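Order of writing sets the chain letters: A, B, C, D, E and F. Residues in each chain are counted from 1.
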Amino acid sequence: MRPSGRAPDQMRTIEMIPGFSAHAEGSCLVKFGQTHVLVTASVEERLPPWLRGKGSGWVTAEYGMLPRATHTRGSREAAKGKQSGRTQEIQRLIGRSLRAVTDLKALGERQITLDCDVIQADGGTRTASISGAWVALRLAIDGIMAANPGMADPLATQVAAISCGVHDGQPVLDLDYIEDSDAGTDANFVLTSSGGMVEVQATAEGAPFDEETLLRLLRLARIGCNDVFAAQLKATGR
Amino acid sequence: MRPSGRAPDQMRTIEMIPGFSAHAEGSCLVKFGQTHVLVTASVEERLPPWLRGKGSGWVTAEYGMLPRATHTRGSREAAKGKQSGRTQEIQRLIGRSLRAVTDLKALGERQITLDCDVIQADGGTRTASISGAWVALRLAIDGIMAANPGMADPLATQVAAISCGVHDGQPVLDLDYIEDSDAGTDANFVLTSSGGMVEVQATAEGAPFDEETLLRLLRLARIGCNDVFAAQLKATGR
Amino acid sequence: MRPSGRAPDQMRTIEMIPGFSAHAEGSCLVKFGQTHVLVTASVEERLPPWLRGKGSGWVTAEYGMLPRATHTRGSREAAKGKQSGRTQEIQRLIGRSLRAVTDLKALGERQITLDCDVIQADGGTRTASISGAWVALRLAIDGIMAANPGMADPLATQVAAISCGVHDGQPVLDLDYIEDSDAGTDANFVLTSSGGMVEVQATAEGAPFDEETLLRLLRLARIGCNDVFAAQLKATGR
Amino acid sequence: MRPSGRAPDQMRTIEMIPGFSAHAEGSCLVKFGQTHVLVTASVEERLPPWLRGKGSGWVTAEYGMLPRATHTRGSREAAKGKQSGRTQEIQRLIGRSLRAVTDLKALGERQITLDCDVIQADGGTRTASISGAWVALRLAIDGIMAANPGMADPLATQVAAISCGVHDGQPVLDLDYIEDSDAGTDANFVLTSSGGMVEVQATAEGAPFDEETLLRLLRLARIGCNDVFAAQLKATGR
Amino acid sequence: MRPSGRAPDQMRTIEMIPGFSAHAEGSCLVKFGQTHVLVTASVEERLPPWLRGKGSGWVTAEYGMLPRATHTRGSREAAKGKQSGRTQEIQRLIGRSLRAVTDLKALGERQITLDCDVIQADGGTRTASISGAWVALRLAIDGIMAANPGMADPLATQVAAISCGVHDGQPVLDLDYIEDSDAGTDANFVLTSSGGMVEVQATAEGAPFDEETLLRLLRLARIGCNDVFAAQLKATGR
Amino acid sequence: MRPSGRAPDQMRTIEMIPGFSAHAEGSCLVKFGQTHVLVTASVEERLPPWLRGKGSGWVTAEYGMLPRATHTRGSREAAKGKQSGRTQEIQRLIGRSLRAVTDLKALGERQITLDCDVIQADGGTRTASISGAWVALRLAIDGIMAANPGMADPLATQVAAISCGVHDGQPVLDLDYIEDSDAGTDANFVLTSSGGMVEVQATAEGAPFDEETLLRLLRLARIGCNDVFAAQLKATGR
């Protein structure tokens, strides 16, 4: 029995509110249960110097968490003067995941920055971020394409992410904070809507895991990502 | 005529959503028109070492702005490795304003940290922060008092803040971003519900201002703060 | 009775020694009683990149305090690796105040940096800095004008600043450290020689203050600034 | 055909020189072909404050790369003033991997720090670091056990890591720098000598990968880690 | 012929103004010609944690330069967020030099911090700092001894420093900025009043130097330091 | 009797392994007994902006120490976020010493960076670094000259460094860690193969030293550097 009463392969309620931000070129408030992340996509028509003149664009991500997004207050990274290793690891993962489905040549010499800020955390903030970032990116690219008729769509495929883990000996989908805190194995999967894998990260928190477990977690992830893909389509009006 | 069509002494719509955060001891999402700030109050039952043993508590504030809260993306302070002078100035002002109405002795040896994070900005983020912080603080203190029967209320008075300025030669109340950008004089007032002033900051952006102007801005501020005081009472169920 | 024996509207002795620094284009050692600040004005004929090509110049300020300018030694900001919020707040105020009386177009594409370093502190270091900075700026601009015949004077008006406060229930002028430490209300006024206000900052340290008090402090500030204006004229040989 | 002429499932020559450092409690210079990493294990008999009094120890890791370990010189992290996201990600992975096979209770209130410094880089520095760190840790623990007769061995199992990837359409084992630079999929596996997985990280550098590919890379990793386990035993005289 | 018209073995005018600072336990404004350094000695009756309980005290130094102490403005170290290598090298030298003549056991569990801040620079700031620091330290220790009758004097000997160099092929004493800028060899000597050497630092700026040159520079340094010793005695009323 | 059993004028065994690094343009692993430093020379054909267009090149150095190069682990400078004063002092000395024997005009608009990383420390790391850096620089310049026929040799002379000190009252050559720890006087000499001095740094750790002692240490340094010069020639195949 999961603490939340969910079935092993049951996701939390997903909600994706497109256009949440008044200023950003694309945005999405994504909720996986009590985990709420605001993602904005900011388009800049110029690249930073080291990316210029190569005939292609760039997609990058930054990640942050409000100090009291969590059960107890964490210190503010801006006040401490540096981003933690965890923060950097997550924002690198988000950027990689979105670039994996973006045709940077087709994007042209533009940079899109995806800011993923966790308003409230209850496990799975990095996977919610990736999932919501696709919506914000899609909306921003829709805007670029509307302003540039004839431009090829640089975002042919969807990407989504979900966490799975072994809790109380049982593989379960979409861990919340309580499950995450004492999961035996913890895995994040980033999958594309065309069925491929973009990133797999599995970590034994306690005893090592075996191949069978990895594959069962992957199977759960496919179920979960399908839900996310549907929510993304709905949020972007497709 | 103001860009927004408002009368000179007309506030934007104020909305205060108490308990917005699932985890914080007190919280408030405060909206002054398109300016949205999430304030959380975090209670710690121990003080930092330099405040211990004096028989009184502490109230402090931190301020941040999501990178794309603004019209164009600003860089993330955590990534730059330091808080700007503007950020520090604002969070010092918020802390001072709330301490001005808190009886720190009555609070006891506890620290309450008010995190004010701007989700969306359209002028007046510091005054919205102070106004919302009172709600979050009030709710947090309600919780402490409920758990400590017989404790005296450390928060006898309300505090609110509003910006006023001279726009197009005319003193106006509650500047939005467009007005703020070319205001001749810009002033922030922090007032208490008992009629006193806690902080006055007036700056000539163009030509110097005179005493008459300062007093007219103060009169507008009294009008605006009365609206805020009412919204605070409603949000805290008083 | 004030601790120093001064009358409520009595300034400390003001001394302004122009040309104190052998190297700077303009300089002034300003003394308000035991508060001593060395201000230098450094002229650079090129602007930083972000200010170039707009046909106007820039005036900026930096502020620092020697570690043992104060009663007990403070730590050195260069050693700690960052400027405090207080330092940044003060240097922003100084820069704003001097820009308020400088015609940046008339200045031409030049930057003048005003370094205000507190050699000894006894209250009122920010107001002494602003007051002395006008002298250093005036001397630097005199030099620029001498080298550029026909150039319009970018500095038509004087600016000065003074602190006032309520001490022992009585509004007093030009607070020293002892008065500042237990002032009920503390205010800084930045005024121009043409009678206008450039900046007003008033803070309730204890009980909130009322309009009457604010106006009485302003009246004291006018008295004090007139003394400073006279000292500035004498120091710049006008 | 691989650039190095190796067979798809062929490792580079592994060399593990135990006791390379004169001062460290355990050490190992590990070479995977032209990738050379010096690992030292430093034992401290006291824990940092936040780990004390829980009756168990801690194993942590730090990672660095000499500026000219690589083909072109990289800037020195100490001079830049911060560790890159990549560095932090790697050192977190190393620490997690070694803790996964260490019984921290049995270790007692001690901290062992594993410093992994890349002397020369040719791909696979993180996996060589983990593999060599086990040797350094084993030797350090041997020393602790020798000085504490009757102490239970906190390190019952071996842990090793290897990178695999898809190069030119073919899954290959133990990528060198040339292969790594244009691998389609890149994966790191951390395995235990008892057959379990501790960490799996697979990333699509180009097109997404499928389950079959993931499993073929895992099979190669098992082959490679078996070689590493043998080298570890030899280096530690078992 | 030296640019200043001085004889090869002629010092600049030395001035040492004791008690320049109103707050410090000891202080001295030292002038070597146009080089002016304010040195304060701050006594703390407690040691930092890592020095406690060893029955002896500590003397340490910090060094800084006002941004416009030099011909062209240098950036402020506090604003840059770090002290330069040059600054650290100098403050380490000052601390070492003063500790060399202080009996730390006799000082008792106290720390004295010598802040050397260059108000104006014209060559030789580090040697002026050391020379002036002795005066500030002497005055501070006089105060400690006055308050602790029977305490042994921890400062039996004087220490002074001077720079010498080869200018235009000729060894000269007490280099000013113009000489320093194109000196062939540049040396700093720290000598005690009992005739010993505490520190010698000689650097070939152009061609290497020989033993004969080193000894001639040393001879000049002895002449110069004798002048400094006399000025120190006068400044401390001995 | 020295702790190592060496005669007062006896060096430790010197070993210089040229070409130790596979990637650097020049490199040397230098061993002075148990002190091991890896030096790499990295050639960049472009100068940093502030050195361009002056028709000459630049030689610079960086220094680091692996955390467990020493008897007890030191913290990693990259993790602490800054280089210590000691590190900066040493790398400035290395750079200066090598530039003293390099004709920067003849080098042309190139920069050579000498990275000196201490793999294992047993006293004298800065002097070993300078001595090994000459070998790495020589090899890198040999490569540049081979690719640029007719280019004049920018490195006409050798430079080497050695530490000497007074241990147990006796001047001794090439201090190891034990001797260094309680040396009365500690001196580093940087000498050229043509007999000149480039840098002398002598410090009294206890009692001040006299001229006779300085000269005796210099005499020892000449003996030691001659050994180093011979090892350098051998390592560079001359």
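Throughout what follows, a residue touches a chain if its C-beta (ideal position, glycine included) is under 8 Å from a C-beta of that chain, and two chains touch if they have at least 3 such contacts.
In this text the structure is predicted, and so the values were computed from the model without any measurement.
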item: Steps needed, at minimum, to go from chain A to chain F via contacts; value: 2
item: Touching chain C and also chain F, the following chains; value: E
item: Chain separated most widely from chain F, comparing mean CA positions; value: B
item: Chain pair among D-F, E-F or A-D whose interface repeats that of A-B, sharing over half of the contact pairs by residue number; value: D-F
item: Intercentroid distance (Cα basis), chain D paired with chain C, Å; value: 59
item: Centre-to-centre distance between chain C and chain B (centres being mean Cα positions), rounded to whole Å; value: 28
item: Chain B and chain D: spacing of chain centres that average the CA atoms, whole Å; value: 51
item: For chain A, residues that touch 2 or more chains besides their own; value: 81-82
item: Chain ring listed from chain A, with chain B in second place; value: A, B, C, E, F, D
item: Chain C residues within the chain B interface of the complex; value: 82, 85-86, 88-89, 91-92, 96, 100, 187, 191-192, 194-204, 207-211, 214-215, 218
item: Residues on chain D engaged by chain F in the complex (per definition of touch); value: 21-24, 27, 34, 38, 40, 42, 44, 62, 64, 66-73, 76-79, 81-83, 87, 113, 115, 117, 119-120, 122
